[in-house]
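One structure is given below, encoded as structure tokens.
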Amino acid sequence: MIRVTVWNEFLHEREHPEIAAVYPQGIHGCICGFLQQAGFDTKAATLDMDQHGLTEEVLDHTDVLIWWGHKAHQAVSDEVVQRVYDRVMNGMGLIVLHSGHASKIFRKLCGTDSWRLKWREDGETELLWNVAPAHEITRGIDDYIRIPHEEMYGEPFGIPAPDELVFISWFEGGEVFRSGVCYHRGKGRVFYFRPGHEAFPVYHMPEIQRVIVNACRWAAMPRQDEPKMGAHPQQITAYGDTYPIMDIRPNEFQTTAGLHDQL
Amino acid sequence: MIRVTVWNEFLHEREHPEIAAVYPQGIHGCICGFLQQAGFDTKAATLDMDQHGLTEEVLDHTDVLIWWGHKAHQAVSDEVVQRVYDRVMNGMGLIVLHSGHASKIFRKLCGTDSWRLKWREDGETELLWNVAPAHEITRGIDDYIRIPHEEMYGEPFGIPAPDELVFISWFEGGEVFRSGVCYHRGKGRVFYFRPGHEAFPVYHMPEIQRVIVNACRWAAMPRQDEPKMGAHPQQITAYGDTYPIMDIRPNEFQTTAGLHDQL
Amino acid sequence: MIRVTVWNEFLHEREHPEIAAVYPQGIHGCICGFLQQAGFDTKAATLDMDQHGLTEEVLDHTDVLIWWGHKAHQAVSDEVVQRVYDRVMNGMGLIVLHSGHASKIFRKLCGTDSWRLKWREDGETELLWNVAPAHEITRGIDDYIRIPHEEMYGEPFGIPAPDELVFISWFEGGEVFRSGVCYHRGKGRVFYFRPGHEAFPVYHMPEIQRVIVNACRWAAMPRQDEPKMGAHPQQITAYGDTYPIMDIRPNEFQTTAGLHDQL
Amino acid sequence: MIRVTVWNEFLHEREHPEIAAVYPQGIHGCICGFLQQAGFDTKAATLDMDQHGLTEEVLDHTDVLIWWGHKAHQAVSDEVVQRVYDRVMNGMGLIVLHSGHASKIFRKLCGTDSWRLKWREDGETELLWNVAPAHEITRGIDDYIRIPHEEMYGEPFGIPAPDELVFISWFEGGEVFRSGVCYHRGKGRVFYFRPGHEAFPVYHMPEIQRVIVNACRWAAMPRQDEPKMGAHPQQITAYGDTYPIMDIRPNEFQTTAGLHDQL
């Protein structure tokens, strides 16, 4: 059973009754709900918890982490960001939602100013086009998803060229946006998915839930690895100073093996 | 159960006793054998069969096609090549082995002169490095696979930049080669895997078998698709002349809708 | 001076006065005109010429070929398509415009059914978003180009994932499209650029002309190559059977060098 | 004239006479020398200078920055790293050499643990294979470059999948390595080039110099941009809250424009 931890900043829902009306259990509550129904083992973590709820122990039991944050990116401690980053390097999946594009962790994994984009909060129509119809993340998804009311995000979006481009959004006001993008970082899989402004009931939509469910399965794949066969069955990947596999022939030049140590 | 058809040219094994000694049941027999053990539903097809064994009916029951050919690429009919190509566009997986890099079907899918490479038949050592340790195709595979004796293939290899680069080979004589490369073509997944000169017992090696098993699972994924939800649940993807989703406002210019038909 | 050959099917302009009114000298005449002004050495070729105007001699003097075709893709001879393809493999640039997405040459270079897309001829607004603001092809181009009236093309577009994605289009009717995409094929650079329905004066727009001018410079780069230095200064790339660079040590296995020749 | 700043840690050359014998003017002196001959405007900067020699003023006059560091990555201030990063986002080129793979700036731009690799200091032969023969960076470079004595770096290398893979190295001891890799980060171009252990005279080799010269030209390209035409000629890219381009129709839902401000 795939274990998903849903992290939510959880501020808007407590500060504004209008937002609480959309997500009475918080955005994390809504997401945990449909993930459980889809058969995942879920738990929630929020900004206000000790270590934002992302202790080493919690991450030890997390195959995929979902991230929703907006107004308090700077309040997330650098230590926790590094901890999440290290887990991604070692194979934990990460799904970054909506305004999480500007989070510390996504910026660190992009290596670019991923906070750069256009935006407009006016509840216009978004059509989310599926441009990768054979991708695991678009299973069961038709040509496009129609979101009646959303915040607009517009290009140019400050991300690196995605390893896989899955969705492109159309907005009523004239903009387009790369709304579903995949990255491989270390052994981890990272998916950024645009929809989800807190004021609109976007995570209640079955199609959006389906994309997130698919993305969790996709992002969990590196965790399904198995014992290695091959040259050194017991070995984990060796980094650093390593012995040659093939003989290196004597040559006319004085080898500098250990030069740094000697000097 | 994933259905794999193994296509083999099946000439070397019948013409040369030395090769028959390596693959008494033919290369296809060897590959079908280890795939069955891994739980796949397999069948074989060879060049000399009617339509090379790749009738519409056979392909109707094929999720992944494996291709081994070498000396008779030109003997494969263009009609069968087109048939296989159409299936790949619609989601059938294709795994091209070794000298299949120069086959009609792989060249057609590459869009380049994929027959271009260096080669040398002298049984030298090949080390096959895993450069994508979190990929489905490298599950259970260590840093590298050592093949004691192989034919050399060397760069520059005339393929397009792969969508995913999985293995790079080292050869004793000094060459390197992009030996495991993934492409997405239409809805189909294509994997080219270099090892497998007919004179060496490469497909008897457990690590090589493991890569091919993994690749079959990876290539079969688009076949695990499900009924669509979204805008038009009953719809398959619409191509061609389509109605607008959003209203298009009247504008000052005379529309040319149907211009081609009128004229 | 970069030498550009502009190939045009040249049928619409002769069959329909409305189209002739938009392009009195033909689409090729319009494109040659602005390219000459930008400093290129240009010539035109059309379907009705001997060998469609694309003889070996013409291609000997072509650094970049521009391709506009629509209703007569099947009338282009396979021999000429192969000739153009061979030139691209060896470094000639190719810029495919608008309905050329379904041409034989572009399909052959894609390795996919690039004719697949949605379309609608109703003169709606297109906004062409620049998603690669540091690319050579977008030099001097702002966030987006507004085309007042165009034919719509919609996703999913049957191309392979582009090596570089440069433009994404927004259409008034709700669709998006990957409208500027780069591929590297052999030594050649290929750029597909969507705008240019024959009924609208799109190639008269300065911004569109600028993109095509930039694309010609980008696509001509492999032609600016120089004599090789390195291991074998006089050598061109060796393909086929090659000698080892490093000594291969004797090993216990009988080498099969020349096995194929002996047998 | 392209302006290149060559940054060198400059410690090995001052601490070890053996290294000083290889690079009497420092590695930066050697690199500045051949770049000047190739027609670049060069200057050097070293770790021990104020702000490591990378003040805002120096970077104001830098189109491409070259980076060589090894043992003192941690001594580079975070402020200077952020300054260099910001310049790359805005179009400055960056060429990272050899052990610079573990520098703060390259790790920040990769978004991965790019310090991860195998290494061995024993002066073995490296063959650097050109797998992108039509790339600007390989102009004038043959199939491979032979370096008689080098430190080994081996896969798996902890980088993200490169946007363009240019060189793959073969090492005598059996390893391979992605030795020339391109990334696009913001508006900047980044090239990592493996060769250059301080103990071997690698930067004195004409082929290696040629690659670095080519890479400087490639990395400087975004600086050759020009005034924008298009929708808003005077405009720089707008980020943040933006007005719609197209009219947004009234709809049944109460717009939330300005919701965040009101609340």
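Letters A, B, C and D name the chains as they come in the text, with residue numbers starting at 1 for each one.
Please note the rule applied: a residue touches a chain if its C-beta (ideal position, glycine included) is under 8 Å from a C-beta of that chain, and two chains touch if they have at least 3 such contacts.
On a predicted model such as this, the values are computed, not experimentally measured, just so you know.
**Q** Looking at subunit C with subunit D, do both copies bring the same residues to the contact (over half shared) or different ones?
**A** same
**Q** Please state the rotation angle, between 0 and 180 degrees and to the nearest 5, that superposes the Cα atoms of subunit A on subunit B.
**A** Angle of rotation between the two copies: 180 degrees.
**Q** Pick out whichever of the two, B-C or B-D, is joined by more C-beta pairs in contact.
**A** Of B-D and B-C, more C-beta pairs in contact link B-C.
**Q** Using mean CA coordinates as chain centres, what's the subunit C-subunit D distance in Å?
**A** 30
**Q** Rounded to the nearest whole Å, what is the centre-to-centre distance of subunit B and subunit D, using the mean of the C-alpha atoms as each centre?
**A** 35
**Q** When the C-alpha atoms of subunit B and subunit C are each averaged to a single point, how far apart are the two points in Å?
**A** 26
**Q** Residue numbers in subunit A touching 2 or more other chains?
**A** Residue numbers touching two or more other chains: 125, 127, 130, 133, 143, 156, 161, 172, 174-175, 184, 186, 237-238, 245-246, 249.
**Q** What graph shape do the protein chains here make by touch: line, ring, star, complete or other?
**A** Graph shape, chains as nodes and touching pairs as edges: complete.
**Q** Taking the complex as given, what residues does subunit B use to touch subunit A?
**A** Those residues of subunit B that touch subunit A are 91, 125, 127, 130, 133-134, 136, 139-146, 172, 184, 186-189, 206-207, 210, 221-222, 224-233, 235, 237-238, 245-246.
**Q** In the complex, go through subunit C and note every residue touching subunit B.
**A** That would be residues 15-16, 18, 89, 108-113, 116-125, 148-149, 152, 154, 156, 158, 160-161, 163, 172-175, 183-186, 199-200, 237-246, 248-249, 251, 253-260, 263 of subunit C.
**Q** Give every residue of subunit C touching subunit A within the complex, in rising order.
**A** Interface residues on subunit C, with respect to subunit A: 127, 129-131, 133, 143, 155-157, 161, 164-165, 168-171, 174-176, 178, 247, 249.
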